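Multiple structures are listed underneath, in structure tokens.
In the two complexes below, chain A is the common chain; its partner is chain B in one and chain C in the other.
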Partner chain A sequence: MNVYRFEIKNILWTFMIWTIIILAVEMIFMIGLFPSFKESEDAVMAVFNNFPSQLLKSINLEIETFFSFEGFYAFAYIYVGIMSAMMAVSLSIRAFGHEKKSHCQDFLMTKPITRAHLFNIKIVAVLSAIICFNIIFVGANLLLFMKNEAQFGIDSEFILLVGAPFLTQLVFLALGMLYATQVKHIRNYAGPIVSIGLGAYIITAVVQLIEKEALKVIAPFSYFDPNRIVTEGMYDSRLIVAACVLTFFCMGKSYINYTKKEIIEA
Partner chain B sequence: MIKQELKNNRNSFIGFTLGLGLLLMGGFVKFLSLAESGSMDVSELMAAFPKIVLAVFGMNQLDVQTLEGYYAILENYVLVLVIIYAIKLGYNAVARELADHTEAFLFTKPIKRKTILLNKLSVGFFFLILFSILNGVFSKLAIAAYGIDGQINQLILYYSVVVFFNGLLFFALSAMCCAVIKRSERGSTIAYAVFFITYLMTVIYDLIENGRVLKFFVPLRYFESVDLVSGNFKSLWVLMFIVQTVIFITICFYAFIRRDLNEN
Partner chain C sequence: MRTVIETSKLTKSYGKSRGIIDVDLSVNEGEIFGFIGPNGAGKSTTIRTLLNLIHKSSGEAHIFGYDCEKQSDLILQHVGYLPSEVFYYEKMKAKDLLKYSASFYKKDCSKRIAELADRLELNLNQRIDAMSLGNRKKVGIIQGLLHQPSLIILDEPTSGLDPLMQRTFFDIIKEENKKGATVLFSSHILSEVQQICDRVAIIKEGRIINTQKISELVETNYKRVQLVFRTEALANQFMIKEATQVEVDGKKMNFLYRGYVQDLLKLIAYADILDVNIENPSLEEIFMHYYTPEEA
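Let's turn to the complex of A and B:
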């Protein structure tokens, strides 16, 4: 329990700052930008009205989805997703790399606790922070959806939509753990956090640009893509498998690293 | 000493260059199929839509079906890459020795601190130039490798320059933050945070119609893709980059020379 309390204290600030930033960005998009987006629906419709009526009918439905609140949520998720991923990486690097960075691993390891036990406590600490964040995030979005959608009900679609950050965070949590347990030195936190987060973002963007379905396996932000929920109602099952494999591989490897690796003090 | 610095930075340089190469080489795969499918005229449609609608569609005022437009989109990602790299270089130049607790050894050498910093910064500068040149080379190679028709040499040159200046600006920013702030690892955190905020502002800048006021705060948009594609290089903004860079570097020197060394 002592260790748990210490870990929570260690990541508390990071947790609070990221939660505030992510919620603020979500608000900027959904409250600040959505209305002006919605307003432009007429202008777009005016363009499409010149099309033959047969075509117009089929397009009409798509435009409705396009201008829906969910559609815009999926768009904003590009940015909210990156940030929640970076938050997860940040929390897990802080939890698992803290001793490595401040060169005090040997103090921790002399305590009468097995390394496996320490590993578990650290995971639980990071997970509880992430779950807290998601409760707040889902709550905020629940309010936003209720306000903006006429017939709103909590259905599986809504749950999958607002669950996207949580699922993505789990993947990135594992990536961050692997980084923290694998490297020799940790000089600063910000570098790896930004590199992992934006690196994954660039990969995902390029994969989307070149439209190769098979490559989505290496693009972490396409695993849980709200756009798919809006258009098809479900995540791609193959990508879910990919996400699970990646997460469990990273966690397993980190566990081995953490429990077995020799501690080198520089 | 310069040799040592070059060696320190070699690995990350190789990493980032690999990333750059993959990005450009991989990115152009799609353009083939696009070009084959025959282009329809979307530019008219685009003019009719507000910026925000296009952005949600995944476009930004550029015709992705032309080589120029497509290239500009890829280069926007290169910009993100170079900035992350530049911040890392700036940190390495100023604060790495502090983090490794080896600066005491370095400062006992009979070299002025000014010279030390100058050497370190020039190594970073060198890598940034190399990175920008490679950006141009890879772009040429990718286009040649896939046998894409079209002459965009000028655009490639423009973008390499833009990549270089953006990198330089954030390199200087990062070096300054690391020198000014006592706990230097905080410095790079702040530099990354500044970049992150700028990036968010860039996103918002792209979304709203009247973002002129924001322009000063978004170095990523000092040169707008639309202008560059149409061959309109506004050199005034280069001055903007240079002025900011010089200010940052000056502060960096000032702080670095006066900093206290306290080993903990």
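Let's turn to the complex of A and C:
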């Protein structure tokens, strides 16, 4: 329990900052921008029609559903999704790389607790933060959906739609863990967080641009695509398998790294 | 007497690089055991293997009869460790770090923390990243001793401590030892090992080359001597049977002397010399002598 409390304290500030930022962005999109876009539908459509369709796809913009509340939500998801992913990477690197960055692995690893136990506690702490974030996120979205003319009630489609950030976060939590346990040194947190988040976004944008379905398995932001929920009411099972494989591989490798890796110098 | 640390042919290699080779150590309960050697000799590698921070390549290592790899969590309940370089969480106050450290042990350590902080004159409210090296070392000492461990492992513990604080630190270690704690004291400074240890193991290039009582080591009195004679001929003729590693360069003569200094001074007094320089040899020079005293 002492380690859990310590880890929660360690990631609390990051959790709070990211939660506020993500909710603020969500509100700006859904309360600020959406009504304006809807009011100017014809003018916006005229602008979009001048854009190449590949460009619109690369930014996750589906013209057919864009002016519906759910469609706009799916468009906004790419930004909320990136930030949620970066939040998950940030939390897991801070939890699993804290000692490495502070050069104090000797301190923790010479305490009477197994590395496997430490690993488990750290993962539970990060999961706790992510679950708390998603409870707040789903609650806020529930209010948003109820206030607007959304066609969905609290049904499976709503759950899939607002659950996308959570599932995406699980994938990125695992990627962050792998980074933190794999590298020799962690000099700062910002570099890897931005690199992993934006790197995954660029891969996803490129894959959407070239329209190769098979390549979506390497595009993490495609795994739980809200546009697909809006249009088809379900995730792509092939991509769910890809997400599971990536997540379990990263977690398994991280576990091996954390429990077996030698701590040669402080 | 119970053996607290026991290694048998303990070997650790880093790929093709040497770590330690066939290290046999036996540290008895209640003794202060010195572990000396130059930088890179394998002291820290041995300690880190014992603490399961790195994994042995072969051999056996046991502490309190437990396997150092498989049962490290049982061992670490009773071990206090002070690493050579002390790093702790950034932006954390000393008192918070020590409280966190204490939370791993099933006892109330608050009184002991306050007592040690008082003796070491450490401000517990200061942030660790704002502390000097010496003060960080003091935090390290407290976190290593706060749970009153049965085995204290010190890896070059005095770096950064001023002489007065070193004395306080040695006093604390001696007190812990009197209470029953066993101490493994690693250092490359011969004088501090001589000051505190009962027995000593000398490690060089990854191998233990000698293990002996500190009293025997102290009796072994080495001096590095340089003499400058009036002429080259005098330098070539001068002989001392206790001298080893003799080098003559023109009028200058260098050698390692083992014996009573008074006898050396008597010999020098009768020689026709212009200058004399007598100093303590480096540990490395003593190691060389330990290795090949007869062959040299």
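The rule we apply is simple: the second predicted complex is superposed on the first by the 236 of 266 C-alpha atoms of A that agree within 3 Å, B and C clash if a C-alpha of one lies under 4 Å from a C-alpha of the other, contacts with A are read in each partner's own complex, and residues count from 1 in each chain.
By our rule, a contact is a pair of C-beta atoms (placed from the backbone, for glycine too) under 8 Å apart; a residue touches a chain by one contact, two chains touch by 3 or more.
None of the values given here were measured: they were computed from a predicted structure.
On the superposed chain A, the two partners chain B and chain C both fit, without a clash. Touch criterion met: A:Ser102 reaches chain C, while chain B stays clear of it.
By the touch criterion defined above, A:Arg94 reaches neither chain B nor chain C.
In the superposition on chain A, contact is made by A:Ile113 with chain C only, not with chain B.
In the superposed model, A:Phe72 lies in contact with chain B only, and not with chain C. Of the two partner chains, chain C is the only one touched by A:Ile263; chain B is not. With both structures placed on the common chain, the touch criterion links A:Lys216 to neither chain B nor chain C.
Between chain B and chain C, B touches the greater number of residues of chain A. Once the two complexes are laid over each other on the shared chain, residue contacts for A:Val206 go to chain B alone; chain C is not touched.
Closest CA pair between chain B and chain C after superposition: 6 Å apart. With the contact threshold set out at the top, residues 266 of chain A are in contact with chain B in one structure and with chain C in the other.
Of all residues in chain A, those touching chain B in their complex are 25, 28, 33, 36-37, 40, 43-44, 47, 66, 71-72, 75, 79, 185, 187-191, 193-195, 198-199, 201-202, 205-206, 208-212, 266.
On the side of chain A, the complex with chain C involves touching residues 2, 6, 98-99, 101-107, 109-114, 260, 262-266.
Those residues of chain C that touch chain A in the shared complex are 14, 48, 51-55, 72-77, 79, 81, 83, 85, 87-90, 100-101, 103-105, 143. The touching residues of chain B, counted against chain A in their complex, run 19, 23, 26-27, 29-30, 33, 45, 48-50, 52-53, 55-56, 58, 73-74, 77, 80-81, 84, 87-88, 91, 96, 99-100, 185, 188-189, 191-193, 195-196, 200, 203-204, 207-208.
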